[in-house]
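Both complexes shown next keep chain A, but they swap its partner, so chain B is in the first and chain C is in the second.
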Partner chain A sequence: MTSTLPYLSYIPAHLIMGVAILVFFLAKAIPGLKNVSPVGIFVLVLIAGFVTELMMGSESKSLFFNMLQVDSYSRFYNQLFFIIIGVTVLMMKNNDEMNRSIEWEVFGLLSTICLGMMMMTSATHLLMIVVGIELVSLPSYILVALNRRFSTSKEASLKYVLFGSFATGIMLYGISLLFGLTGTLQLKSLWPALAASPNFGTPIYYIAIIMTLAGMSFKIAAVPFHFWCPDAYQAAPTPITAFLSVAPKVAGLALIMRFFADHVPVQSEQLSMIVSLIAMITMTLGNFAALRQKDIKRLLAYSSISHAGFLLMGIAVMNEVGRQYVFFYIVIYALMNMGAFMAIIYLSQGRNFEIKSFAGLIKSKPVMVVGFTICLFSLAGLPPFGGFVGKFYLFWVVIEKGFWALAAVAGVNSVVSLYYYVGVIKTMIIDEREGQMPDFSTQSSVPIGFVILCAIPIVVFGLYWNPLVNLSALVHMF
Partner chain B sequence: MSLESYLSISALLFAMGLIMFISRRNSVAILMAVELIINAAAINFVAFSRFVPSAEARLDGQVFAIFIILLAAAEAVVALAIVLALYKEKKHIQADQLVGLHG
Partner chain C sequence: MDHILSWVVFLPITVIPILWLLPANKAKWAALFITIVDFIVAIPLFTGFDRLKVGVDDLAGMQFKETLEWIPSLGIQYSLGVDGISITMILLTLIIGLVAVLASWNIDKLQRGYFAMFLLLQTAMLGVFVALDLILFYLFWEVMLFPMYFLIGVWGGPRRIYAAIKFFLYTLMGSVGMLLAIIAVWYYAPGGERTFNIIELLHRVQEGGTFVGPEIFGMPFAKVVFVAFFIGFAIKVPIFPFHTWLPDAHVEAPTAISVILAGVLLKMGTYGFLRINFPLFPEVFVWFQDFLVALAVINIVYGALCALAQSDLKKMIAYSSVSHMGFVILGIAAATTQGINGAVLQMFNHGTITAMLFLLVGVVYDRAHHRRIAGFGGLASVTPVYAAVTSIAYMAAIGLPGMSGFISELLILTGSFKVYQLPTIISGLGIIFGAGYMLWAYQRIFFGKLNPDYQDLKEINFVELCSVVPLIIITVYLGLLPNRIIVFFETSLNYLSEIL
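Right after this comes the complex of A and B.
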């Protein structure tokens, strides 16, 4: 009888999050916890998780009968999640779209999502993949419904839950077909068994893989599972929108990379073709739908769909270099998207998200608008900002592999995306404001500092990106 | 019964779920469609692990089926809670009349 207990020392951050979930959901029943600030406890939990993941080093280990794999790949992504959730907490402090009295439960839900994302980055077993995706999905359905200003948030949440469970159903059916084809659920033995199977290359093989990809592409909001994304992003409380547009998307991408990591026994051309087709359609649809948006949160939702397409470029090449540059771009993407959403939270004051209402704000809040502009230029991929370098590397790995069509479509899309980002910037800087300037005197100045803190590294990485390249070279699987 | 008959039942369930998901307007009916799809997957798992047992993992499929049942329950709980909250606000749960968001 082998014991799995020693394995627990390899996943300290998971254990911390597990305890945190219990504490947050039971908090109102535990005497003495009533007077403690939930934010303080949650920030402590996040710091503890971050530090333990940091201290684990680069050792790679397969745990629980090859169900989870902890390595520097999973650790780097997990550290990113802790930072993103920390920023989300900071956003919640500067925003009043959520009811303060349910803070304990909200942090419980966020801890559950964090645990699910950590499982997604290290899952090497199809069952763990499903459990991880569901741990992320179920709490996010509830978080979307918590906006008390916007009565349509429940409607958006219902659409989210219906599409989400549909995507899960499709994925489960696909996994069952994969299981039938191979008789195994472990990714390590799945691909060799697929290559040896008599059904290799037949339609059922492609159907099984595409259906399995469906659930994962739902998490990154890739076409054809993107319908929930604009509605959920528009109606959710803005901090939750910012969180959803970065963290679960990153986890989904990490999961897809892990899923395809052992694909070597099967010929990779067809798999690359499938992924690059999804990438092309996703980025084109996201960009062209973004062109006619009037609401800033909806615009950023479509922009995040098109960024999922760009990031899939790095996955389509299916090699170590591609995975490293995906990490490189994800770090920059997290910086610029979190910066942009913090600016939106500040400038809209949680009330009016129409792009029109941002007109002429450069006159009253110049520093904030400049920071926001840097984030938007970087999202558009203009030099000399970090977004340009990230996109450049993704183009480079794709062209090196010889996927010219993918590179051409992505190039056209970069140009198109410039149009709608510049539209927002023009409204803020050039347009004259009709009527009164909003009053910012009651707002704290923490968001301004945060946006500047995001804008500085974006500019620095745009000019001197070696440190980040060196960091992403450390992100190894196995 | 052979493996084929189990697989055809599950394929039938899957197809029915798919058609129901696309054609029904009531939110609860759409949820039922999703349950059909999920249960089709569960039948597949049990059938495959009974008829095509692999040497090293004989019970994988059955354990997966149990997880699927739990997962379907958890999903139904969350979805029905959201449907209830929506009903309190709008007094209906017709998915095609939820048009508060577009652009």
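Right after this comes the complex of A and C.
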């Protein structure tokens, strides 16, 4: 036991989150803590986590007998999680869909998810992967059910639980097959063993890999494990929806990249094929389903499904460059999605999420609507916005590998996606409003500032993305 | 003045923030001011332009060059420059921009937003014509889309939302293919070292380099990339069967935007053919030539027949654009010296003439609030000045000798007759039909029994005359002295016709 203790010094942020979980769940039992603001503590924890990850530098190290791997890859993603959770807290402050009296518990759940996501970015052992995924999933189920405005949120949560446990079950079965084929659960030895095994290229080989991929696909809501996504997103309190649409998805993608990172060259073609197929189906289905949505949260749910498909393009090429540009796009994706959700929270006032209800809002809240419009155009991948640059790089890595079909499908999809994003823009800017304008006078102007703060970097990165490219170039695995 | 091209391109958007400092109904003055200033700033471009420099694939021959590193990791540069083809288009864009501001004089609804979008569009259009870097080109090309979407969608006619999204989706469909083609061209650049610089790529192709890439869907690399570019540009032109967005967009757009659409936007497609698509793949172009001629003839004849069948005046002119742009394609497809020179001249002339036609439709629409050709009659007796001005514009559109349209169509037809006799003869039908629908429409609107509803129709006013008369002067002047504009692009295009 003693020999593992020094490893702890490599994961200070994990320790901080661990302590935070204890504090938040036991808070009501600890005397004197009642009078402290939970938000303040949580923000401090997030800042501490962010700073410690930042201070760790780029040293990479394998910990706990190849269970975890910390490297610049995991640290960059973890920093992103802290920022996203921080933004989620800001959203919760500006939204009243959640009960304020359970803030301690909510922050405890968010801390648990955060720890789980940090595990997901570092896990190099299949059991660690399962632990990471479950640490993220279980609190998510509860968070979805916490919406006091939306009566069916319990139902959506239950749906989420069922799908989640189903996916985990499939994944565990896949893992058991992998273990049976190779006798190991460590990714580093798993892939070479698979390639060397007599079953290489047989159906069982594919079944084992695809089943194991199922649990991860569930987290990024890739088809066919996306069914929970629209319902859960619609039912969850909006800040939680924003959070779920970005953070666990990013963690899932990071995990998939880690999972495939150790494959040996002979396998790359078939693995690329599997991931390309999932990517094509996911983006197409997500986009076409989004076309018919009338609820803005459901629309963004499907849009996030199709974005998962786009991001899988960068994973399908199975190389370091692809992984770096996935990170590049993820940063921009986080900006535009968080901006869009903040705008929704503000404009809908937490009540009416029908797209129709946004009609004519340009007249009463022009700045907010312009910011939201920039986020939406960027999501559609139009230049000169960041979303375009992200897609540009993904197209490039795919073309470099010669995956023309994937490039063509993605191209058609980005045209289709324009239609529904522009539909929202049209409603806000072109349509005339029937009836009264909602009253925004009681709302704080923090969300407006936040959306503008998202929109500015989106435009800047769309015109000059050098800094972000340089940052992504630092994201190295191992 | 240094960086004159950057100034010309970006001056329009510099006033956008100022629009919000002015009273709402003064935005148009700011827009007019900046378009005039932009014109004045651009004058040294035309006076200082060296007509003997070729450009096209020679970086040293590009004039008023500006190059800045932009994204070094990909080799993307902020690179501007003009040669004979671009300078003509810059002139056209500046003229049309000025005319379109005057045509927008009656816009009351959300005036600041309108002119903000308008000026953004102006910058994007100018940028397309001067960009020498593929990514920069693509950026300007796409940035044009959303101001256009809003200009049609917010300030357009009754079916504006449908027309706006149709325009948006069509163009984006083409440009996504173009983006993939751009990446492919960059990645498999001839000569090894990758570059986005259009001129550098053309230079390498001229030195004998070819694009060697893997087969795409079982087809040769160069052909697929060529077709991807072609569709992207063809949608803008528009070439049959990608033309269906055009009548909708034209009819629903406000007058000034129709003017810009017909005057400048359509030319971007043919400009893209000449600047990027055809010279980059000269061998594939030869393979494609016959097909292109067929498309051009379809455009000419089918567009004219559709125009003949329209009852809406604006839609008729929209289809006449399809027909006239067919001539541009025919000239380019023939790839002879006269053909290509005629094509670029036709691009300029069609820009000015069709702008005039749309302006004149706008005049009568503002007063009568409808555009049914059959709904008028005898207007010549109520509004003689308007009738006279319109007659000149219609004659120009028909291609009457002495007007600029005649010269360019003549050049194109002589150019193409050398290589494609039968298609040229069939295209002649387009001119006959053109005379038919124009004169027939004129007759139904201005002659015959006066429609009693329009007894008190107001005469064309001063602002409207200001926007139309300069275009008439240009049309007549270039009809008599076409060489005044041909000298600008002749050198570049003669060279281009050799290499195609």
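Convention: the second predicted complex is superposed on the first by the 474 of 478 C-alpha atoms of A that agree within 3 Å, B and C clash if a C-alpha of one lies under 4 Å from a C-alpha of the other, contacts with A are read in each partner's own complex, and residues count from 1 in each chain.
As a working rule, contacts are C-beta pairs under 8 Å (C-beta built on N, C-alpha and C of every residue); 3 or more make two chains touch, one makes a residue touch a chain.
This is a predicted model, so every value here is computed, not measured.
In the superposition on chain A, A:367 contacts neither chain B nor chain C. In the superposition on chain A, A:161 contacts chain B only, with no contact to chain C.
Looking at the shared chain after the overlay, A:402 reaches chain C, while chain B stays out of its contact range. In the superposition on chain A, A:210 makes contact with neither chain B nor chain C. When both complexes are overlaid on chain A, the residue A:453 reaches neither chain B nor chain C.
When the two structures are aligned on the shared chain, A:277 is found in touch with neither chain B nor chain C.
Contacts of A:130 after superposition: chain B is touched, whereas chain C is not reached. Ranking chain B and chain C by residues of chain A touched puts B first.
Touched by chain B in one complex and by chain C in the other is not one residue of chain A.
Those residues of chain A whose C-beta lies close enough to touch chain C in the complex are 377, 382-384, 388, 392, 395-396, 399-400, 402, 404-405, 407-408, 411-412, 414-415, 418-419, 422, 426, 429-430, 464-466, 469-470.
Across the complex, chain C meets chain A through its residues 70-73, 138-139, 142-143, 145-146, 149-150, 153-154, 160-161, 165, 168-169, 172-173, 176-177, 179-180, 183-184, 187, 214, 216-217. Chain B makes touch with chain A in their complex at residues 10, 14, 17, 21, 27, 30-31, 33-34, 37-38, 40-42, 44-45, 48-49, 52-54, 56-57, 60-61, 63-64, 67-68, 71, 74-75, 78-79, 81-83, 85-86, 89-90, 95, 98, 100-101, 103. Across the complex, chain A meets chain B through its residues 126-127, 130-131, 134, 138, 141-142, 145, 151-152, 154-159, 161-162, 165-166, 168-170, 172-173, 175-177, 179-180, 182-185, 230-231, 234-235, 292-295, 298.
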